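Sharing a structure with you now.
Chains here go by letter, A, B, C and D, matching the order in which they are written, and residues are numbered from 1 within each.
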Amino acid sequence: MIIVLKKGAREKEIQEITERLSEKGFKVHLSQGVEKTIIGAVGDRSRLKELDLEALSWVEKVVPILAPYKLVSREFHPTDTVIKIGQHEIGGSQVHVMAGPCSVESRSQILETAHAVKAAGATFLRGGAFKPRTSPYAFQGLGEEGLKLLAEAREETGLAVVTEVVDVRDVELVASYTDILQIGARNMQNFNLLKEVAKTDKPIMLKRGPSATLEEWMLAAEYILDGGNTQVMFCERGIRTFENYTRNTLDLSMVPALHSLSHLPVIVDPSHGTGRWELVAPMAKAALAAGADGLIIEVHPQPEKALSDGKQSLTLPNFQKMMTELSQIANVLGRPLKGGEQ
Amino acid sequence: MIIVLKKGAREKEIQEITERLSEKGFKVHLSQGVEKTIIGAVGDRSRLKELDLEALSWVEKVVPILAPYKLVSREFHPTDTVIKIGQHEIGGSQVHVMAGPCSVESRSQILETAHAVKAAGATFLRGGAFKPRTSPYAFQGLGEEGLKLLAEAREETGLAVVTEVVDVRDVELVASYTDILQIGARNMQNFNLLKEVAKTDKPIMLKRGPSATLEEWMLAAEYILDGGNTQVMFCERGIRTFENYTRNTLDLSMVPALHSLSHLPVIVDPSHGTGRWELVAPMAKAALAAGADGLIIEVHPQPEKALSDGKQSLTLPNFQKMMTELSQIANVLGRPLKGGEQ
Amino acid sequence: MIIVLKKGAREKEIQEITERLSEKGFKVHLSQGVEKTIIGAVGDRSRLKELDLEALSWVEKVVPILAPYKLVSREFHPTDTVIKIGQHEIGGSQVHVMAGPCSVESRSQILETAHAVKAAGATFLRGGAFKPRTSPYAFQGLGEEGLKLLAEAREETGLAVVTEVVDVRDVELVASYTDILQIGARNMQNFNLLKEVAKTDKPIMLKRGPSATLEEWMLAAEYILDGGNTQVMFCERGIRTFENYTRNTLDLSMVPALHSLSHLPVIVDPSHGTGRWELVAPMAKAALAAGADGLIIEVHPQPEKALSDGKQSLTLPNFQKMMTELSQIANVLGRPLKGGEQ
Amino acid sequence: MIIVLKKGAREKEIQEITERLSEKGFKVHLSQGVEKTIIGAVGDRSRLKELDLEALSWVEKVVPILAPYKLVSREFHPTDTVIKIGQHEIGGSQVHVMAGPCSVESRSQILETAHAVKAAGATFLRGGAFKPRTSPYAFQGLGEEGLKLLAEAREETGLAVVTEVVDVRDVELVASYTDILQIGARNMQNFNLLKEVAKTDKPIMLKRGPSATLEEWMLAAEYILDGGNTQVMFCERGIRTFENYTRNTLDLSMVPALHSLSHLPVIVDPSHGTGRWELVAPMAKAALAAGADGLIIEVHPQPEKALSDGKQSLTLPNFQKMMTELSQIANVLGRPLKGGEQ
């Protein structure tokens, strides 16, 4: 930690800081330039939180040197985390496509979609049973009935299931049906929910909050690892910017950035990331080329009749077409699509 | 609702839309320009959600005409909502200052602060017992113990209490101690939490999410009103932008914008809105001048020893100084500070 | 400057950096923590630019300690700059209101407006002769004819004139007519234009770029001061954010922030800052309360017939009404409106 | 154009609007719902700019239906524009890589780089002679001397040249040396510069402004086409967001979005788009997969000694390695690298 003092800081003020740091066990080094005095402090990062030096009027700024996260960091865990789900591995040599509707709407809808995406090479079925919706007047999901339909579709097709949990009181219920627990973008900093899912033995897909920085996102994952669950994958789904032609701005640079800073796998969601179905296939290809470990894609048999997100859903034929293109790129990258091998 | 079709949309495609709209009871008007065909549709807004016309490939865009919210709208409820809490009224002719530490840390800290802010003219005591923190390693609050200390401070000083609830399971507990339930910025779209607080008889202070649009914020309030609790006040606390000299960008234009669109009171939090104590007083004055119904301010007896947010907390003397300045402005605006009268 | 090395940086690599710093005359201090090596470097800030240490693969980050600007800094120039224009002083004990139409459209329009805003207490007349417009098909201004009309209005009313220059080739021409040269938001980083206006003897109003950070804005001003013209005032006019209810997000926290970091005056433009005339008066009042040295306001005799920005222009009666309210607030703040005294 | 009136608009007010529209030759249709009156207006889009209906107090909002641009639109020009430069075609079946240093610094630097990038498969040499720099104290480029060195490098290697022009007074000079005139991000809305380059016969690379929306960007291109120069290519280089791990947020969704809305080619700059050399190769691959017609990449023989942007520059060996990977992806996409064939 570096503490920069304001011009004209007095001896007594400098001393107060160095003493306070020493008390907490920090090794302190003082550097007095012509214009500014700078204090370097080296010590146990877990004690940093007890100091709030920026509140001192003679402190200009405090620059942290060490990252505030630890368990998610590649420095701490140099080899890639590979998450095993049944016969699948996420973060390994193969790439996975998770596909399905935004919301589970009916038995026929979810089964038709499941069979079609399986045939096209997907390995996971996505679908929402509990839907967080901006408006109280929008369709809120089928609840447990939706979870049962997802389980039935898994039974029929062999696809694994990923679905979102939005309420701390539902964690156990949703975990009993799904293979991956999804934390939605709006809940990325719902810390109590993070603590609850950390207690399950299910892998977690942690979506990025629409205005979350890379560091905040990694700290949210840190909550889950710190809570005892190390099976976490990130999911980039776009951030909120001034550009509103797209629903969000899909920030693909997070894929190599996360791979460099963390050992956890990274999935990309080009459906929410763009909000326009015609941009999904190009951005899915781009995500693979950027190094994504998987994709999660909205697919609907009749997007124009979907109860949510129809505008960004692929039709079944468009999904199939995209999978063929993705497969070629995945092969040249040396990371074949898992479902494409069958 | 206006539906704009892509250039070259065919007769059959136009017909499909008009039929679907008619089925749902919409009155349809067709307007064929030289370049584009436009369909106007007038009808029951509650049925709009069942249509997802943008998913049709020949639709260019759908432009909603009516606002998606209703209960929070001034069109629906032209007179100002005034929230009564004990002898106080929020949204009426007087302005309130809510003050206190970010976190309740100890009995002496909260009591000392409470007495001081009361003496300076505050009418509400703020203080967090359950703290949502970005890092799992940061101080997470005293929990129920903190609530008890707030209640004790109320007993001693006569200040009303405002504190945050972060977990659906704690709503009843927190409501039993506080006078206002605060929904924090990160939980603005935690819809299940909104539904739970809607069931209580406590007024709700709904902070704006760091990346929430005005419309999303009003829809979040709509959840609470739709759930049966009409005692809602908004709290502007800054949005996330590219500017990082300040912690957030305090968007004071929301004060007159909300007063124009909604009947609910608007509070401003210049502490989180700026993240720097030296900017708090000028922005508090600005908030009053913009028409705010109240302010919520972080105050700490020793900011440099605070377990959270010390950098943005006022000392007790600085708070007192600010209150004097605020009082002058409040008087000239014709809305005196409530606590200032005593 | 603090250089943080990546974990595992080797002796030879550390040495390369320390040597390079020493060569440039920096005093170097090495601090080896358990996890990271940190190098502190103190020296002549003007030589910093010759080093690009972040390009070294073993450097994690470089943290500058000194601000990159100097002439605009309050550290360098502790007393407020007061800009004298005729009998007016900007940045002194009085507050100025600059008012007029977005564009000069006709002789009658500008004269009618000038007389009305003068009568209401404005001291400066604003009006664009050269208009930068997003679309090539929009009205681009009257050019020199517009400048002549502004000069005529000054002659008639005694108002001083502020108008924008957009092209390096027009600087001399515009300077020969105006009292303040305005650099528009889109030209804040048009560095050659900044260098040209620096050569004139006219005060400069430097609007903030829609995505400019505080530091970039101060550096743009630094270009002008470095070029020899010290008569610079900042003008906050809103930044681009995700919120699109307002045209921009007016960032009033910049007023106290600039006053703390710089000695130059700060003007606020609530017309562009909100884009909605009904929000202009509340935000103008808020700007004064935040400490602004002046306001620039769009006023039009018939906003609904304006060739540009009608939506954000006040009518003449609305302007007059606002001035009365502003005057009361200015008085209680101890900084009366200059034009209000007459 | 759709005009939505406020609730309670009176007959007389409605009439005023319909008359004004009729005067301008618009065909008007009135639609009175239970809650709102809506006016549809169809007519010549070039006359829209003369109306500023949102300034009327009884108008709630005006929704434009037609895009404000025309010449850049694919609706107006369905087939792809292919720009011919010597033997090269941009926007055709091949993909181009433009490479070189941020700034031309010396004869040996530019020649060494030119030979190396040519050998690796680049077809264009990039390099700045006139540099717009945030700080007045940073290296500002070699000026005409830099242009001469670029021309010499072209002579020696056969690479075509792309370089930036920042001043209206330099357009002729720069055009006499370069093959493509680059408009930098900060000048995207320097409309007079756009008008000047429109008069040359050189192709223009129009970089996206850091806070420019897709529509504003297309309108900036419209200025150039409207000025008579149809040889325009877009260049996505990242936008400014709250995320500051990367220098900008590279918005690759603009590649398919522009290809859908416009006929002009799209280049991607992953160097400025990320600001970190280690992210350049993954994002370059992603850009190709998203459908980019070319890439522009910063390469420097000794990035750690570069006078600008060393942190985001590839070394020559890293550039070569990236080109091999790009070539494989380009081939599988059916759009081979142009320089790779030799």
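One rule holds for everything that comes next: contacts are C-beta pairs under 8 Å (C-beta built on N, C-alpha and C of every residue); 3 or more make two chains touch, one makes a residue touch a chain.
The structure displayed is predicted, hence computed values, not measured ones.
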- Task: Check the residue numbers that chain C and chain D use where they touch, and answer same if over half are used by both copies, otherwise different.
- Result: same
- Message: What's the farthest chain from chain B if centres are computed as the mean of the Cα atoms?
- Response: D
- List the centre-to-centre spacing of chain B and chain D in whole Å, with centres computed as mean CA coordinates. 39
- Item | Computed distance of Cα centres, chain D from chain C, in Å | 27
- Whole-Å distance, chain A centre to chain D centre, using C-alpha means? 31
- Note on the structure: Among chain A residues, those touching two or more other chains are 211, 240-242, 244
- Task: Using the touch definition up top, name the residues of chain D that touch chain C in the complex.
- Result: 46, 49-50, 52-56, 68-69, 132-139, 166-169, 186-187, 189-192, 209-211, 216, 219, 222-223, 226-227, 240, 277, 303-311, 313
- Message: Could you list, by residue number, the parts of chain B that touch chain C in their complex?
- Response: 211, 213-215, 239, 241-246, 249-253, 255-257, 260, 273-274, 276, 278-279, 282-283, 285-291, 328-329, 331-333
- Item | Residues on chain D engaged by chain B in the complex (per definition of touch) | 2, 4, 7, 27, 29, 31, 33-36, 38, 40, 42, 63, 65-66, 75, 240-242, 244
